[in-house]
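Per-chain residue numbering starts at 1, and chain names A, B, C, D, E and F are given in the order in which the chains are listed.
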Amino acid sequence: MPIVTIQITREGTEGGADAATREEKAALIKGVSQLLLDVLKKPLESTFVVIDEVETDNWGWGGLPVLDYRKKRASERAGSAG
Amino acid sequence: MPIVTIQITREGTEGGADAATREEKAALIKGVSQLLLDVLKKPLESTFVVIDEVETDNWGWGGLPVLDYRKKRASERAGSAG
Amino acid sequence: MPIVTIQITREGTEGGADAATREEKAALIKGVSQLLLDVLKKPLESTFVVIDEVETDNWGWGGLPVLDYRKKRASERAGSAG
Amino acid sequence: MPIVTIQITREGTEGGADAATREEKAALIKGVSQLLLDVLKKPLESTFVVIDEVETDNWGWGGLPVLDYRKKRASERAGSAG
Amino acid sequence: MPIVTIQITREGTEGGADAATREEKAALIKGVSQLLLDVLKKPLESTFVVIDEVETDNWGWGGLPVLDYRKKRASERAGSAG
Amino acid sequence: MPIVTIQITREGTEGGADAATREEKAALIKGVSQLLLDVLKKPLESTFVVIDEVETDNWGWGGLPVLDYRKKRASERAGSAG
């Protein structure tokens, strides 16, 4: 009876997409259910998966909204490489 | 001070509705708060309830997005009944 | 496929008990599963319930650990009744 | 590696706003990350924050949807003051 | 920055064990982090995993504590096979 | 009515302690409740805080149990400094 909750930011992995696609979500559901079967022998039909997409403004990292944090890290890297 | 989180798929129970209605949500809030009063003597005003509606693409069961899983089970039942 | 999470403090309702009993937990599980059947027509076997017992030191209310908050409220009431 | 989840109702604090603003969210992220650094010495970059905005219909308090509960309390206060 | 929460009952998969072993937990952590890299290109170091082990008395399914539900299902199967 | 959940690993910040102390937890509860008052005008008595302490074996980062990940990062740093 496992429950797996996957929290991700709502943003795309590809050029045009602005969120994970239905296919990507299905791959997450399939993969993690299979993992619980492989590792803990949990039957597929006893696993629930919930994907929670969080707006980037609502996700914090490093004390900042995540997009600001990424920019800061990118500029730090650019700086240290300069 | 209980906190109750109810996660459901965003879909209606009735013909036209595409999600739980305000009345259904109020019935969930009332019922579960009363349950905590009856079973654990928690006063109504000390219970918080959060209803989390999850898109069907974001809910997995049986290794599949839930709508695909329901179709699969329905066709299996139809097959075994045939 | 609802998932219901019930968070309560780990403490008893009766004289001797220091936590919710097995019977009280079973009553919560039964009651909330029935509620989802009654209100949203969710079959009993599609509902998962997780009860999360939280140490009182780990629960905050009113800016204080919950036991301290209860004492403060009780003394305020005693004061206003005096 | 702390994870902080902040659940709030989706409603504004100011006249015109109908939800927490980006600035308010950034202030929550900054403040709570700093708190974990001050109290538990957790580096800022190891703390994740997720803000979960919940529709007022989906939030229950006192056995009622939260807006109904607030109205009830306000009218009780008005009554006891009368 | 994904966060993955895996909730399982606290019970072993092998004869003697009474809970998931450290190795099984490490396999879950590795597998699900890799899955997020493969499907959504999330770097390993940006994924947090939390495994939440829940006492069997605290997990409900089918309106019953989960061990009771499993017994009921097993006896139903035995009955229908008889 | 905010609910704040703070997930941390169960380990001490000081020499002898093997977990956050009661005082540290009280400081987290006080600080985050005050933050919600300052930023969103939420009264102290309407905020619930839950601190969830997670065993280090149950926390993953970088595809590894967190203690293994910290060791790996420390040895990488030592290597790059060598």
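Everything below uses one rule, namely that a residue touches a chain if its C-beta (ideal position, glycine included) is under 8 Å from a C-beta of that chain, and two chains touch if they have at least 3 such contacts.
None of these values were measured; they are calculated from a predicted model.
Enquirer: From chain E, how many touching-chain steps at minimum until you land on chain F?
Expert: The least step count works out to 1.
Enquirer: Touching both chain D and chain F, which chains are there?
Expert: Both chain D and chain F are touched by B, E, going by the contact rule given at the top.
Enquirer: Just to be sure I understand: going only through chains that touch, what's the smallest number of steps from chain B to chain D?
Expert: When the steps are counted carefully, the minimum from chain B to chain D is 1.
Enquirer: Compare the CA centroid of chain D with every other chain's and tell me the farthest one.
Expert: It is E.
Enquirer: Any idea whether D-E or A-E has more C-beta pairs in contact?
Expert: A-E
Enquirer: What is the distance in Å between the mean C-alpha positions of chain C and chain F?
Expert: Each chain's C-alpha centroid was found; their separation is 24 Å.
Enquirer: Rounded to a whole Å, what is the gap between the Cα centroids of chain B and chain E?
Expert: 21
Enquirer: Among all residues of chain F, which ones touch two or more of the remaining chains?
Expert: Only 1, 3-4, 7, 28, 32, 48, 50, 59, 61 qualify.
Enquirer: Who touches whom among the chains?
Expert: A-B, A-C, A-D, A-E, B-C, B-D, B-F, C-E, C-F, D-E, D-F, E-F
Enquirer: Quick check on the complex: what are the chain E residues that touch chain F?
Expert: 4, 22, 25-26, 28-30, 32-34, 44-45, 47-53
Enquirer: Using the touch definition up top, name the residues of chain E that touch chain A in the complex.
Expert: 1-9, 13, 20, 24, 27-28, 31-32, 35-36, 38-42, 59, 61, 66
Enquirer: Spell out the part of chain C that touches chain A in their complex, as residue ranges.
Expert: Listed in rising order, the residues are 1, 3, 48, 50.
Enquirer: Along chain C, where are the residues that touch chain F in the complex?
Expert: So the residues of chain C in touch with chain F come to 7, 54, 57-65, 68.
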